[in-house]
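In what follows, subunit A forms one complex with subunit B and a second complex with subunit C.
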Partner chain A sequence: MLKRVHFPSSLLPYLLVAPQVLITLIFFIWPASQALWQSMLIEDAFGLSTEFVWFENFQALMDDPLYLATFKRTAFFSLAVAFVSMSFSLILAGFADRVIRGATAYRTLLIWPYAIAPVLAGALWVFMFNPTLGIVAYGLEFLGYEWNHKVNGGQAMALVIMAAAWKQVAYNFLFYLAAMQSIPKSVVEAAAIDGAGPMKRFWTIIFPLISPTTFFLLVINMVYAFFDTFGIIHAVTQGGPANATTILVYKVFNDGFVGLDLGGSAAQSVILMALVIAMTVVQFRFIERKVEY
Partner chain B sequence: MVENRPWLAFFTHVVLLIGIFIIALPIWITFVAATHDEIRMTQVPLPMLPGDQFFVNLKRTLFGSGLSGTETAPVWRMLLNSLVMAMSIAIGKIAISLLSAFAIVYFKFPFRMFFFWLIFITLMLPVEVRILPTFEVVAQLGMLNSYAGLSIPLIASATATFMFRQVFLTIPDEMLESARIDGAGPMRFFWDILIPLSRTNIAALFVILFIYGWNQYLWPLLITTDSDMTTIVMSIKQMLEAAEQSPQWNIIMMTALLAMLPPILVVVFMQKLFVKGLTETDK
Partner chain C sequence: MAKIILDNLKKSYGATEVLHGVNAEIEDGEFVVIVGPSGCGKSTLLRMIAGLETVTEGEIYIGERMVNGLEPADRDIAMVFQNYALYPHMSVRQNMAYGLKIRGLPRDEINRRVEEAAEILEIGDYLDRKPRQLSGGQRQRVAMGRAIVRQPEVFLFDEPLSNLDAKLRVQMRLEIRKLQKRLGVTAVYVTHDQVEAMTLGDRLMVLNGGYAEQFGTPIELYERPQTIFVAGFIGSPAMNFLPGRIEGDAVVLENGSKVPGGAGSGQVTLGVRPEHLVADDKGPIRLQVILAEQLGANTLVHGVLEGTDTQLVVSLAGIRAVTEGEVMGFSIAREQMHLFGPDGRRIN
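For the complex of A and B:
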């Protein structure tokens, strides 16, 4: 933590930490505690008086079937995004690991969606799937499948999952490729000499050896799907049709800024904070743990 | 590779090319849409090959008054806003984190651990979950519709501090000892030894933070009501809404293209730093 050789105490270290501590206090600790406080208040319909109600807002959320449905939907959404994006990246990384010449070119061509903002990713996909104009929607209709995500909730969900997973492929690909390249070549070669084919080697050697990366990516992808996909949903479906794509973060925003239910929105924020903290703790525990080969 | 299987090698390239095709398709379609005129962009099926209207659209998008029927700032102004926001977030975050990491690693002072935990706790909470109260604080401080309001609240995060702390911890103690023998004070040591030694880490972090700042969406959406302060990324949403009435997809997609170009260029041309930054900040 502290260096063995260090400077003695004076005013200087306080000045050095001051900017960050001030910003953290004003824009972080203060709002977060406000959220906690607000989550225990109920405001009347005209905003004239507020009442302290302890955990009534949380109780109301737990009794609200809509909120529980949102919870389940978010879980499904984030698992689906993680699964689609990670399996796609795993396949690509598995093949890219075999390439000797041109590997950098492939990597360059695969990683740039990382740089695209979620809301732009949403815009691109909603354009391709636009029911009247979109090129993919046109192709699907040509094949006899009617696409209209503005009406069909299942299709809307599929669309946001695809857009969210597409953007995350780059990240997963980079980590998978790095993990595969760090496996000693001698292990793979030994298996090849023993007669194991490429598929067998992948499933019995490479895949188990990169399992720590898989776990790490699972947590990262879940966190991404929980929080960073707001832009995609806002651009593509606005939570619709009929709440079919309303996930937790979207509901916090919608109830707070559109519905003006401050107490309920704050209570949702607090639940989300607890979720993030839990995920972060899990992530740190497992990343610190070294996996034995 | 380990064995010679020409068919497998061929198959490998085929799979990778299909992967690239799927990854690149949305961007190709965006590019194509930005090269046609608006009449062509309402005729089904939409074109798959680029047209000749690219520069016409570019000029209309950059300096025109945006979509007909909407009142938005010109796109060059939005690009400028985005640039200022992204740069302030990246530079601000790096500056305050370098200073506080330096204090925490190299000084022994009362409440050191208290400050460390105070900063570290912010690692856990993204801005999305405390959005409403943060908005109220910024409103009370009169920072709505300003560059300060756009960037400062997003600077409050511990990832960078944490990374610099790790970097400083790997720097050998002999550096400080010899600097002190030569009579260097703390700030001299910071400028002349620590900063040069962590130069690549700073650059890698800059790449990641620039992308992070440029791509901010929800926060700018909430705190900017003045159209002169809108960022390019948030303008897309307004355009998508306007497209319901007047589908000028060529202009919308050109704007999308301009909005994603700077971060893509950063990733492609600073790939090494980008990969380094990505793998180091998330641990």
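For the complex of A and C:
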């Protein structure tokens, strides 16, 4: 006797998943394996011959202080983006949760930036902060602060962080608002009767109760800052000045397509691939399981 | 401990008025139950006293203070919610200590009060558990504990027992009553359950459609309901209502039989409680039996007034055998007749 329900096998299910499998093979598995292969090759300066060198490219990266600096910079950049955009959206969601009149319009407006392509978002910020034409740069100069992100690395970093964070605010806002609205109203009212003012209620009741969402968003935002901010950086600073805004993905592009060091670039993208796999594991292992409070 | 005064209290949501001017004076240490069907505005009234809803018109006083503009935190009240509203991320101890910490009490004073409340409510064993590890009855106790550690002037209860099973409800009802007597704190309790209301309250306010129909002791409400609504709402099984008209010193029912005892004139509704009808073969109230419910201690006979479709229920002591279609006669003492005019108000 059969212990489980069995269906007669047929070709149909294979046909139905075939398009997806094909897409995955062509756009993911094939380039990924190419990257893996290339990361173990070194090409001569004229591109006439390639040599299989095992892990020499990785070895070279580990010994390269520039690469390690990029690593640190990326960590700082993604933490900063996550922090800035999450705290902004938390504040906005906190207010939206209290808004009664015009709530829908307010929410719709807040969601718009998410629909903007990264390059356009970057272009927007470039125009505003352009040292010679930008309205914000002009305003800052008026206040006695000299803005020139083309020279000042710190300012350049601040600018890409702002641009990247701004784009992500909408997404975070949606999740935070949903999380806040799922808290039973009476719990917040009980805290009000217990004597907690709005700020106290927020930090002692609401914030702890939405901590699962915070953790989820932290991972999502880190992944976003690591991988999806290429467009913004390319449009705003091209990784400059003096590599001040070169993060890992940007360096992959720069070394591979500008520096034409395909082996080194491939090795970097393999490392990034390992990172994104690790982050996805974290996300599935720890977030799918409910955070206990 | 404080008096509560509600002075012509009104509440509107937009153009819809849901409370139409409620007046009440609740004495210091009194247990008042607000009872009514769902949607009558009783929870809204309680939430207005708590400060969770704004007052559209009228005034609320707690003690000597007019509290209309005060935040819930400044009204010196504690509230027990229907769903308990415990803080899910805090242990039982932290739940109870939360309000005290915010008020900046010293640590040992907080501990002393929490331990004391835990002892009264017998929840000392669960102090370090989270709410989700507790049963419904235990959560209920924690919610009560959170209210009493604050030592407020007023307790507010918003249907606190409606999520418990029947047996636990009876037990908690008694405990709430005992606790309130012991602490002597003024309490306002909202429920839709008239038995809960009758057993708990020093006085009841019956609310219907945003109007306070009557405010009085349970016995007053039972013996002299001022409106048809109160008469039908208080008492179980519910009062019978027989349409009729006054002729001289008697009420003439639809089927022409005369019930002696009357007041006023014209069309009236005669209200008689099932337990006040006395079996009397020559009695004027003739009931045609449809079925009988045997409850052991008494028998509920359901039927119609002979010759009409008007429903009639009689409660007879002990076990009585009745047959379907049989006609039984009943009489009623004059002082147990309730007469209501066409506007639904009492006239005798």
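Just so we're on the same page, the second predicted complex is superposed on the first by the 283 of 293 C-alpha atoms of A that agree within 3 Å, B and C clash if a C-alpha of one lies under 4 Å from a C-alpha of the other, contacts with A are read in each partner's own complex, and residues count from 1 in each chain.
By definition in this document, contacts are C-beta pairs under 8 Å (C-beta built on N, C-alpha and C of every residue); 3 or more make two chains touch, one makes a residue touch a chain.
Just so we're clear, the structure is a prediction, and the values are computed from it rather than from any experiment.
**Q** Touching A:F227 in the superposition: subunit B (first), subunit C (second), both, neither?
**A** first
**Q** Taking the superposition as given, does A:K200 touch the first partner, subunit B, the second, subunit C, both, or neither?
**A** Second partner only, subunit C.
**Q** Going by the contact rule set out at the top, does A:L143 touch subunit B (first), subunit C (second), both, or neither?
**A** Neither: A:L143 stays clear of subunit B and subunit C.
**Q** Determine, under the contact definition given at the top, whether A:A266 touches first (subunit B), second (subunit C), both, or neither.
**A** After superposing on A, A:A266 lies in contact with subunit B but is clear of subunit C.
**Q** Does the superposition put A:E189 against subunit B (first), subunit C (second), both, or neither?
**A** A:E189 contacts both subunit B and subunit C.
**Q** What's your read, subunit B or subunit C touching more residues of subunit A?
**A** B
**Q** After the superposition on A, what does A:L209 contact: first (subunit B), second (subunit C), both or neither?
**A** The answer is second: A:L209 touches subunit C but not subunit B.
**Q** Just to be sure I follow: which residues of subunit A are touched by subunit B in one complex and then by subunit C in the other one?
**A** Residues common to the subunit A contacts of subunit C and of subunit B are 189, 192, listed in rising order.
**Q** In the complex, go through subunit C and note every residue touching subunit A.
**A** That would be residues 50-52, 71-73, 77-79, 81-83, 85-89, 98-99, 102-103, 146, 150 of subunit C.
**Q** Touching subunit C in the complex: which residues of subunit A?
**A** It is residues 184, 186-187, 189-197, 200, 204-205, 208-209, 293 of subunit A that touch subunit C.
**Q** Okay, in this complex, where on subunit A does subunit B touch?
**A** Result: residues 1-10, 12-14, 16-17, 19-21, 23-32, 34-35, 38, 88, 91-92, 95-96, 98-100, 106-121, 123-128, 132-135, 138, 166, 169-171, 174-175, 178, 188-189, 192, 198, 220, 227-228, 230-231, 234-235, 249, 252-253, 256-257, 262, 265-266, 269, 272-273, 276-277, 280, 287 of subunit A touch subunit B.
**Q** Which part of subunit B faces subunit A closely enough to touch in the complex?
**A** Residue positions touching the partner: 1-3, 5, 8-9, 12-13, 15-16, 19-20, 22-27, 29-30, 33, 41-42, 44-46, 48, 95-97, 99-100, 102-110, 112, 115, 118-119, 122-126, 128-134, 136-138, 141, 152-153, 155-156, 161, 168-169, 173, 176-177, 180, 186-187, 211, 214-218, 222, 233-234, 236-237, 240, 247, 249, 252-253, 256, 259-260, 263-264, 266-268, 271, 274-275, 278-279, 282-283.
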